[in-house]
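Here subunit A shows up in two complexes: once beside subunit B, once beside subunit C.
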Partner chain A sequence: MKNVLHWNPPEGLRGVEVTYTVQYFIYGQKQWLGASECRSISRTYCDLSAETSDYEHQYYAKVKAMQETKCSEWAETRRFYPFLETQVGPPEVALTPGEKSISIDLTAPKKWQRNPKDDTVSMQQIYSNLKYNVFVYNTKSRRMWSKCITNSTLELRWLEPSTLYCVHVESFVPGLPRLTLPSQKQCISTLEDEMSALK
Partner chain B sequence: LRRCLISVDRSLIEKSFPEIKRALQTNDTFPNVTILSTLENLKSIQPVDVCCVTSRLLTFYRDRVFKDHQETSPEVMRQISSIANSFLYMQKTLEQCQVHNQCHCSQEATNATRTIHDNYDQLEASSAALKSLGELDIFLAWIDENHQETSTA
Partner chain C sequence: EFRFGPCRVEGVVLPELWEAFWAVKNTVQAQDDITSVRLLKAQVLQNVSDAESCYLVHSLLKFYLNTVFKNYHSKIAKVKILKSFSSLANNFIDIVSKLQPSKDKDMLSISESAHRRFMLFRRAFKQMDTEVALVKAFGEVDILLTWMQKFYQL
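Right after this comes the complex of A and B.
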C-alpha cells in the first residue's frame, strides 16, 4: 500500500529548471486536493501513500510542470484502486531443518505504515484469501518444485538427509493479476541421517 | 443454516474485466459520482444479507446496466457479453438458495441496494451504465471475498 506517483520531465526542457505540483482526487468525492508534500518540487515523483491509505477508495492523481511564469496542462492518471492493484510483498520466512524434513513458518507481510509507531496491520487482515507460493530447490538433484498454501506453515517431508535445500516464497491474492515480489532465497541443510551418524 | 455461496468465474476477474477496465473508466466523465459507492459500504453488509445483496446487484446489472449501456467497440462488447453470461450463471445458482429459503433480505440489505439505484438515477442512463461497468472491480472483489467458505464478511 505504499503508493508513489512517478512522471517523466517534459520533453525539450533538459537542463532548464522545472518544478511540479501534484493533486489527487478521491473517486466519488467533489474536488481535487493538493498533495501537501508535492508543491513546486523539482523531483519527478511524489509519495501519495498517506493520501491513498484508505485502500477501499479509488483515486486519480495529476501533475503539472511550471517553468518561470509558464504552466503546462495537467497530466492525469487513470483510476487507481489500491485494494486491487497494490503489490503484496513477500512473507517473512523461517526454516527449521529435520533429518528428512524442513518446516517452513511464514509471517504475512505488513501494510505500509505512515508512522513506525502506528499499530502494524497484517496484509492477512486485509486479504482474507491471501495465499503463498512456496518454491523449493534441491541443490544436489537440481530439482525445483512449488506448492501453493493458504495457512502459514508447511512441512516438507521425505527429503534427502544432509542435503542443502533453497526456499523462496511469494504472497499472492487470487483475483486481478498483480506483480509479485519473491522473498529472499534462503538455503538450509537437512540434518545428518541418524543411522549414518552411528557408524 | 448453510450459507449460500456462489463461485466467481476466475476468468471474469483475471481477464475479461481487466481488459476493458481502462476503456470503461477512461470514458467515465463523472468522477465525483459513484454508483456502488465504495467497497467500504459493501463491506458493511452482514453475512446473512450477502446472498440477497448479491442477487439484487446481479439483477441490477442484468435489468439496468447491461440494457442501458451503449457500446461502440466490438472487443469491449464481447467482454461485456461474457461478463453478462457469467452473471446469469451466478444468478441461477442463487435461485437455488432462494428456493431453500437461504436468501434472506433484511432492511439494511434493501437500503443498500436502494442507494445504488438512487445513485444510478442521478445520471443519464448510458452514463450511469458506463460508470457501473467501470465499477465492476468493486462488485467482483466483494463477491470474491464474501462467497468463500471461510469468509466472515
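Right after this comes the complex of A and C.
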C-alpha cells in the first residue's frame, strides 16, 4: 500500500529550473485535493500513501509543471485502485528441520507503514483469503515441487535425512491479477538419520 | 466456488472474470468523465451480512445483465472489449442461474435490507443520463468483483 506517483520532466527544459505541484481525487467525491508534501517541489515523484491509505476507495492523481510564471496543463493518471493494484510482499519464513521432515512457519506480510511507530497491520487482515505458494527444492535429487496453503504452517514429511532442501514462498490473493514477490530462498538440511548415527 | 451465505455457486472461475475486466479496465474507465459520482458506494457494499449477500448479488447481477450489459452491448466498437464483455456477461448469467435466494417469510427483513442497498445503487444509476450511467456501471465492475471476491473460496 505504498503508493508513489512518478512522472517524467517536460521535454526540452533540461537545465531549466522546473517545479511541480500534485493533486489527488477520490472517485465518487467532489473535488481535487492538494498533496500537502508535493507543492512546488523539484523532484519528479510524490508519495501519496497517506492520501490513498483507504484502500477501498479509488483514486486519480494529477501533476503540473511550473517554470517561472509559466504553467503546464495537468497530466492526469487513470483510475487507481489500491486494494486491487497493491503488490503483496512475501511472508516471513522460518524453517525447523527434523530427521525426515521440515516444518515451515509463515508470518503474513505487513502493510507498508510510513511511520514505524504506527500499528502494524497484517495483509491477512486486508485480504482474508490470502494464500501462499510454497516451493521446495531437493538439492540432492534436484527435484522441485510446490504446494498451495492457506494457514501459516506446513510440515514437509517423508524427506530424505541429511539432505539440503531450499524453500521460497509467495503470497497471493486468489482471483486478482497481480505480480508476486517471492521470499528470499532459504536452505536447510534435514537431520542425520538416527540409525546411521548409532553405527 | 462462491458462498453467498446459504447460496452456493460452483464452477465459476473468478480469475477469468478478473482477466476479462482487466483487459478493458483502463479503456472503459477512461470513458467515464463524471468522476464525482460512484454508483457502487460504500453504503451499498460495506458490512453486508452473509445472509443478505445472496439477495444483493442476485439483484446486482440481474441489473447488470438486464440493463447495463444489454444496453452497453451496442456501444462496443472494439473486438477486444466485446470479448471481455461476453466473458463477463456469460459468467454473470451462470452465477445468476445458480443463485437461489430463499423466499422464506422469516428471511423477509434480510431481503428487504438487501433490497434497500440495491435501490441505493439503482437510484444513483437512474439519476444519471443513461449512456453515461452505462459506461460508469461497466467501469465499476472491479468494485463489484472486489466485493464478490470476499465470498469466493478456492
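The rule is simple: the second predicted complex is superposed on the first by the 198 of 199 C-alpha atoms of A that agree within 3 Å, B and C clash if a C-alpha of one lies under 4 Å from a C-alpha of the other, contacts with A are read in each partner's own complex, and residues count from 1 in each chain.
Keep this in mind: a contact is a pair of C-beta atoms (placed from the backbone, for glycine too) under 8 Å apart; a residue touches a chain by one contact, two chains touch by 3 or more.
Remember, it's a predicted structure, so these values are computed and weren't measured experimentally.
J.: Clash or fit: what happens to subunit B and subunit C when subunit A is overlaid?
T.: Overlaying the two structures gives a clash between subunit B and subunit C.
J.: So in the superposed three-chain picture, is A:Y45 touching just subunit B, just subunit C, both, or none of them (first/second/both/neither)?
T.: Neither partner.
J.: Should A:F172 be classified as contacting the first partner (subunit B), the second (subunit C), both, or neither?
T.: Once the two structures are laid over each other on A, A:F172 reaches no partner at all.
J.: Could you tell me if A:Y137 is touching subunit B, subunit C, both of them or neither one (first, second, both, neither)?
T.: In the superposition, A:Y137 contacts neither subunit B nor subunit C.
J.: Looking at the overlay, does A:F25 come into contact with subunit B only (first), subunit C only (second), both, or neither?
T.: A:F25: touches subunit B and subunit C.
J.: Quick one: is A:F83 in contact with subunit B, with subunit C, with both, or with neither? Answer first, second, both or neither.
T.: both
J.: Could you tell me which stretches of subunit A are touched by subunit B in one complex and by subunit C in the other?
T.: Residues 25, 27-30, 56, 58, 60, 78-79, 81, 83-84, 128-129, 174-177 of subunit A touch both subunit B and subunit C.
J.: What residues on subunit A touch subunit C, complex-wise?
T.: Per the touch definition, subunit A meets subunit C at residues 25, 27-30, 56, 58, 60, 78-79, 81, 83-84, 128-129, 131, 148, 173-177.
J.: What residues on subunit A touch subunit B, complex-wise?
T.: 25, 27-31, 54, 56-58, 60, 78-79, 81, 83-84, 128-129, 174-177
J.: State the interface residues of subunit B toward subunit A in the complex, per the touch definition above.
T.: Touch residues, subunit B against subunit A: 10, 13-14, 17-18, 22, 25-26, 31-34, 37-40, 43, 134, 137-138, 140-141, 144-145, 148, 150-152.
J.: Would you mind writing out the residues of subunit C in touch with subunit A in their complex?
T.: Of all residues in subunit C, those touching subunit A are 14-15, 17-19, 22, 26, 29-30, 35-38, 41-42, 46, 139, 142-143, 145-146, 149-150, 152-154.
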